[in-house]
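As structure tokens, here come the structures.
Two complexes, one shared chain (subunit A), two partners (subunit B, subunit C).
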Partner chain A sequence: MNVFLFSWSAGILGVAAVLVLGRLVGGPTIPDRVVALDTMNTLAVAIMILLAVVYDSVVMVDVAVVYAALSFVTTLFIARHLEGGTGR
Partner chain B sequence: MSAFLMFLILAPLLAVGVAFNILGAVALYRFPDVYTRMHGTTKCTTFGTLFIAFGALAWSLGRLAATGDGRFITMALHVGVAAVALLVTNATGAHAIARAAHRSGVGPRQAVVDRLAEDRRKGGEA
Partner chain C sequence: MPQNDLVHGAVLVLIVVAGFFAIWFRDLLSSIISLSAVSLLLAVEFYILQAPDVAIAEAAIGAGLSTAIYIVALRGCRKAPSGGSLSPEEATPEPGKEEPKP
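Then we have the complex of A and B:
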């Protein structure tokens, strides 16, 4: 029915995620790479929500929630490592 | 609810979401330094993914109205949880990256004034 809208959106967002990969590989500084990784994680969550509609499965939305939480923990961990030293 | 009416609701939501996500990806290449890149990508991808979640929410509510299957209530609720989780974590994560970038010595490029660096040079714990 209207599912093709979701599958095409997921495809376009996949192209955008590949576009982000360029900055992730060739970013001049480490915070640049972290920002690119964060962007890719958000795009992955969006693609998961879209594919959950395409494949009509609720489990994929749960995977998207857990992925968002884990990417947040990863981002905080890298940020703490960049700051250096003990936590304040 | 007819399929065409659902199309008229879904297409703008998904179009706005995909357009903003692509703008966020392009912003990584069009801005000069970390802080402006973060400003472009975080806001655009959060807004775009929120609209994609709205699209999935509208789809599951429409399916619920069409079929009356209880599975779509679960789907709508979980999409809402995902949207809230994304809203909270993206903003906090971007703030953490910006703070860490400034503390690790990556300054803003082409900036005329950097008040945070001035304050920290004066000895304040900024």
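Then we have the complex of A and C:
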């Protein structure tokens, strides 16, 4: 019962990621696309943790932790490039 | 499980759409962002196929290192002396100028 609940919520978050990708490909400006990518990163981490509950394995939480740390670095690099890059 | 198929379908459609737009954008920074989205969705797909170690490698290399290296390379390209026509705004007015000459 609980597994079905978590699995359906992961599917709904997948549909939400489809809607966010519409903003990523159709955003008028670059910051729109960066914010859409950051939202997709957060949705992916949420989907990974929900599916770790569904698959009942603790190892899969590590993937979500590693991805949450590295997507932050990626967004930080894009933001520094947008700002103008004062110094390297 | 129908809900697992729903997640599969959503992720695969997203991979194809983001990969198409990564080569369709004229702006290079938008293309890098779309390529990062492809890498993210590929990590999610490896995860759904229950290969967590491959997903960790894809998340670390594809989403973390590769996007940062592309951003550094793009910044290096824009600092280069003007000679190549990287931006489409510079390339498009030139044929209009050359046409009235003869």
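Methods note: the second predicted complex is superposed on the first by the 85 of 88 C-alpha atoms of A that agree within 3 Å, B and C clash if a C-alpha of one lies under 4 Å from a C-alpha of the other, contacts with A are read in each partner's own complex, and residues count from 1 in each chain.
Everything below uses one rule, namely that a contact is a pair of C-beta atoms (placed from the backbone, for glycine too) under 8 Å apart; a residue touches a chain by one contact, two chains touch by 3 or more.
Just so you know, these numbers come straight off a predicted model, no measurement behind them.
K.L.:
Could you tell me if A:P31 is touching subunit B, subunit C, both of them or neither one (first, second, both, neither)?
P.N.:
In the superposition, A:P31 contacts subunit B only.
K.L.:
For A:D62, using the defined touch cut-off, is the partner it touches subunit B, subunit C, both, or neither? Pick first, second, both or neither.
P.N.:
It touches subunit B and subunit C both.
K.L.:
After the superposition on A, what does A:A17 contact: first (subunit B), second (subunit C), both or neither?
P.N.:
Both partners, subunit B and subunit C.
K.L.:
For A:S7, select first, second, both or neither according to whether it touches subunit B, subunit C, the two together, or no partner.
P.N.:
Second partner only, subunit C.
K.L.:
With the two complexes superposed on chain A, say which partner A:L51 touches: subunit B (first), subunit C (second), both, or neither.
P.N.:
A:L51 contacts subunit C only, not subunit B.
K.L.:
For A:S71 in the superposed arrangement: first (subunit B), second (subunit C), both or neither?
P.N.:
So A:S71 meets both subunit B and subunit C here.
K.L.:
Is A:T39 in contact with subunit B, with subunit C, with both, or with neither (first, second, both, neither)?
P.N.:
Only subunit B; A:T39 stays clear of subunit C.
K.L.:
Of all the subunit A residues, which ones make contact with subunit B and with subunit C?
P.N.:
Shared contact residues on subunit A: 17, 30, 34, 62, 71, 78, 82.
K.L.:
Tell me, which parts of subunit B touch subunit A in their complex?
P.N.:
Of all residues in subunit B, those touching subunit A are 3, 6-7, 10-11, 14, 17-18, 21-22, 24-26, 28-29, 34, 37-38, 41-42, 45-46, 48-49, 52-53, 55-56, 59-60, 71, 74-75, 78-79, 81-82, 85-86, 89-90, 92-94, 96-97, 99-101, 103-104, 106.
K.L.:
Over in the complex, which subunit A residues touch subunit B? Could you list them?
P.N.:
So the residues of subunit A touching subunit B come out as 1-2, 5-6, 9, 12-13, 16-17, 19-20, 22-23, 29-32, 34-36, 38-39, 42-43, 45-46, 49-50, 52-53, 58, 61-62, 64-65, 68-69, 71-72, 75-76, 78-80, 82-84.
K.L.:
Quick one: which bits of subunit A touch subunit C in the complex? Just the residue numbers, please.
P.N.:
Going by the criterion above, the answer is residues 4, 7-8, 10-11, 14-15, 17-18, 21, 24-25, 30, 33-34, 37, 40-41, 44, 47-48, 51, 55, 57, 59-60, 62-63, 66-67, 70-71, 73-74, 77-78, 81-82, 85.
K.L.:
Using the touch rule from the top, collect the residues of subunit C that touch subunit A in their complex.
P.N.:
1, 3-4, 6-7, 10-11, 13-14, 17-18, 21, 27, 29-30, 32-34, 36-37, 40-41, 43-44, 47-48, 50, 52, 55-56, 59-60, 63-64, 67-68, 71-72, 74-75
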